[in-house]
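The following pair of complexes shares a single chain, subunit A, combined with subunit B in the former and subunit C in the latter.
Entry: the complex of A and B
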């Protein structure tokens, strides 16, 4: 009796579930992606949309009336006319070119060196991770002390070598940006190196053997075989670092505060000051969107480069 | 039997309902206050004394300590969002105008007037009421007042036969004489932003300058201010070479390590000067009031912190009880001993405190002629400070002349006032 009732219940439950199953099947993979989509909607698309919205308004958080006056494109035009923003944009682009360029060249060199199995190589690979494990704030504080013109180690050795450090690497307008580039290169070159090393390790030995049989020298093997195969990873590393360097904030905030003068003012630091020190949210949102466009432009250039080089596959 | 049961039930329910308000008023727990404080020397005193207040009143105070920028951002987000996230905030003197004008803080004036005798109103230095006072209303109660003082290496000055300078020419001469043999006559903040802007403002005050004119409009490129910036930029020749990128920590280090012979600093730093664990000049440094320009009225810099009640706090009465307690003559001695700074005349003349902190006599002298508006407490101040932070830095690093820098600063500041 009991068994009979159970079987009936199972059948009716299965019958009831059939439309749900059908409905789920019709939706395909959407239900499985829904949590991630919801997350993106709440924490990426909504803030982005709101940022775009308030960029068209004069909106100051500390305005006692809390009025949001429609300003059209005024905040964007203000950014183009603002000398501080223009300098910050130029500094950001210069920083990206110098830092990402140096990280790519040095990272590639390190990856090639570590690609050969020699005694101690595994230890060096592990040690390479050390700068990556430090928080940028700690790195910035350490480098600030190292660069100090009066008691910093860097200045001490430069003086010992007979170099006139003047007000110190971060006190001179001509060297301050370069000093920050060095901090970024020190911390993030290992990431690029490890990414490229992973790419090199995944390349088939057969290709190099074939090249060797064809009479290719070591340099030719690297230039004509290894490097073209490495390009997709190189492009990804460039993309990641470019986006990251455009968002540079910590070292500028801690080490130089954007100075001396405008020497190290970068977009993200200027946007932070406008938005979170002066609470001029409309203008800060407009500048953030311009930064987004700038990063988008760089990304497009990289993807175009991939397409032209035929390495998308 | 059923009737009896029903009658008893009704009676019990009636009694419970009738006694409910009474019981709730008796058993109502005392509120817990949330205080967000600046990470400064006095914040340690607040944390250590909060349990004493709880023992006396049953009101618990949770103290959260934050850095300057974080405190400001958190407070603004709380005020604008009307979240009532904290009941009490410590308030920097330069925030007073903005927070008062925007109505972020509860007006304490009626409570202060009501409890005037209990809080010993007249014992607080008149100038110190600028901490939290705005346009005739008191939005926050003074908590820790700082005097801008000249700290100097007494031993070296005495050995070289130099008296602590009283005038600007004496100051300049002393700085020059003291420089040499690995020593620097003075150290100042030169880093772009608040560090160099605030240090320049000390010099502006000394030279008789001001940020605003008598009409309340920017007067950044006035003759006195240009003179002050010229002097300030020149003095970097006698400061450690890296001083153009120094902020407060670096400046203090240069003085405490015995490298720099003089600095203008807030009096709250003197404890560290006298601490042998932190200072090489612990037994040989001293402070004095700032030198003054000839013909200029005697004005000494005043800064510091007050404590105010969030307008959206549901515990305003309890918060006021805490403010009254922590600023009362009864507990102030302990508060000051634990890291607080004086606000009352009775504190700078207290023999017990003077035995421990002998420089308080000089601090009291400075408070008597203090100017709490040398950094104007207006809502435009953060912008003005940022403008000056850039232009002063450009002048001291030789990228602009002092006159050009202040002309540019003036041009940028005027639009903030609708001009």
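Entry: the complex of A and C
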């Protein structure tokens, strides 16, 4: 839909005469987005450009002389050689796989359970919204308390079941990452479930009747009809959740602080620590650019999948 | 068709599974609510105390421990400021992108989506330096500006989708009757888009209210938000959970209410309009 074209005859004649006006006409209503784009330019793209710039410098805020010494690619090379960064990158990817995987499986199960109208299912749908709205920092503090080795409710019941919790779920390096994944699964599975439920609800009943007439069992109907039709929404859900898990900060910062050791260190948190507690700005900027590249790679994969399916907005 | 007995068995299995799932999703919330109403010694009692006489003492204590009212005011100022700025920039942008079918418009929309996907930390570090240089660190404005970067893109995408779902013919009719483009937007399109506007606004408010990372770095002593205030109840006693739970309840109550109001639009909002219920 372009700019309204049939205003008055003389106006369009004038537009044809003047190249500037013609160009303006071709722009359509894009100038309406100009203030927002200008705002992005100042407060998003300028900082990002600045971040690219300082990533080539040794720039420490704690340095009293505040010198910015050109370092070339040193900060990037440092990241690849830094064991902590490598662990953080690996943990970030592992976190995405575990959390998004669990959210998809559990979300699909919940969506299927809620798809058939039974008394009580609307109430369940309403209650499922609660985790989505809750302040992440409050959620993180609640789980930190629940996981406390000595007084935490989760630790207590695990012990009652005869599980040796040691220093607690978040105190043991072997379970700490999994404990954090559970926090994310708790808060965001409902979103995936409700997305997939919306997808299931939009599927026409005729298809399933046809499948039934052809002798398909309930399981076959699900695997061969419902699930393939759900693919576009499933991919969008995966994309949204993957992006969000890469942004994960609050729960790592509050629940484990990246520990014990580097067991739950993720890129976001490590960058934050490097830049804003150790004030090594050049290195932090270099790492955040690497994170952007990693996210870009994941996005490209999803967009390819979306493109292949021919799904459009 | 399924037999009656089989149907009943299926129902029993479904309800059992749903009960287990709801137990998992409600349990942390029940813990928070009950802990906020417990006396200190019950808050971390082992074995956990689930039956007790609820008291309001924690809420009273929290108000004397932390300047809750000031933090509420700061959170509200920042959330309202972010909402206003994001709507002011994002709504016309969404309209322009919805009513322009050029490649430039498509690319601008994708550019905004890319910003939305960038992790806040990547922007936060250079933004922090910029704000320091122009001496805005510690002000409401610093927090509002960066939150608005993320939320303007959100509003623009939401509103683009909303305006696309409205017929353009009405605006064209208004323009043949002598309305300017702005008049057609203001008098025809915008009133029709009020539900979308309300949804985008409430979401932005919620995102801003729930934010912790940006205020932690960008706000100052006099502009601290409630999400930062919660941590102050934790610093002295690691297991002072009853007070933390009380201020936590104060923090989540507004967003929980807004979420309840927005219920029919929630999934659509969180998926940037990709999924409609």
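By our rule, the second predicted complex is superposed on the first by the 278 of 313 C-alpha atoms of A that agree within 3 Å, B and C clash if a C-alpha of one lies under 4 Å from a C-alpha of the other, contacts with A are read in each partner's own complex, and residues count from 1 in each chain.
As a working rule, a residue touches a chain if its C-beta (ideal position, glycine included) is under 8 Å from a C-beta of that chain, and two chains touch if they have at least 3 such contacts.
These numbers were taken from a predicted model, which means no experiment stands behind them.
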{"item": "A:279 touches, of subunit B and subunit C: first, second, both or neither?", "value": "first"}
{"item": "Subunit B versus subunit C as contact partner of A:148, first or second or both or neither", "value": "both"}
{"item": "Which superposed partner A:46 touches (first subunit B, second subunit C, both, neither)", "value": "second"}
{"item": "First, second, both or neither for A:268, with subunit B first and subunit C second", "value": "second"}
{"item": "Broader residue contact with subunit A after superposition on the shared chain, subunit B or subunit C", "value": "C"}
{"item": "First, second, both or neither for A:258, with subunit B first and subunit C second", "value": "first"}
{"item": "Contacts of A:240 with subunit B and subunit C, given as first, second, both or neither", "value": "second"}
{"item": "First (subunit B), second (subunit C), both or neither touched by A:305", "value": "neither"}
{"item": "Subunit A residues contacted in one complex by subunit B, in the other by subunit C", "value": "148, 150, 276"}
{"item": "Complex contacts: residues of subunit C adjacent to subunit A", "value": "11, 14-15, 17-18, 21-22, 24-26, 28-29, 31-32, 35, 44, 46-48, 89-90, 92-93, 95-102, 104-105, 108, 111-112, 115, 117-130, 145-146, 148-149, 152-153, 156, 161, 168, 171-172, 175-176, 181, 206, 209-210, 212-213, 217, 227, 230-231, 234, 239, 241, 244-245, 248, 251-252, 255-256, 258-260, 263, 266-267, 270-277"}
{"item": "Subunit A-facing residues of subunit B, complex", "value": "69, 72-73, 76, 80, 98, 101-103, 190-193, 195, 240-245, 247, 250, 254, 259, 379, 382-383, 386, 389-390, 393-394, 397, 399"}
{"item": "Subunit A residues within the subunit C interface of the complex", "value": "1-4, 6-7, 26-33, 35-37, 39-40, 43-44, 46-48, 50-51, 54, 109-110, 113-114, 116, 118, 120-121, 124, 126-139, 141-143, 145-146, 148, 150-151, 153, 156, 160, 186, 189-191, 194-195, 198-199, 201, 233, 236-237, 240, 243, 246-247, 249-250, 253, 268, 271-272, 275-276, 281, 284-285, 288-289, 291-292, 295, 299, 313"}
{"item": "Contact set on subunit A toward subunit B in their complex", "value": "61-62, 64, 66, 148-150, 152, 155, 165-168, 170-173, 256-262, 273, 276-279"}
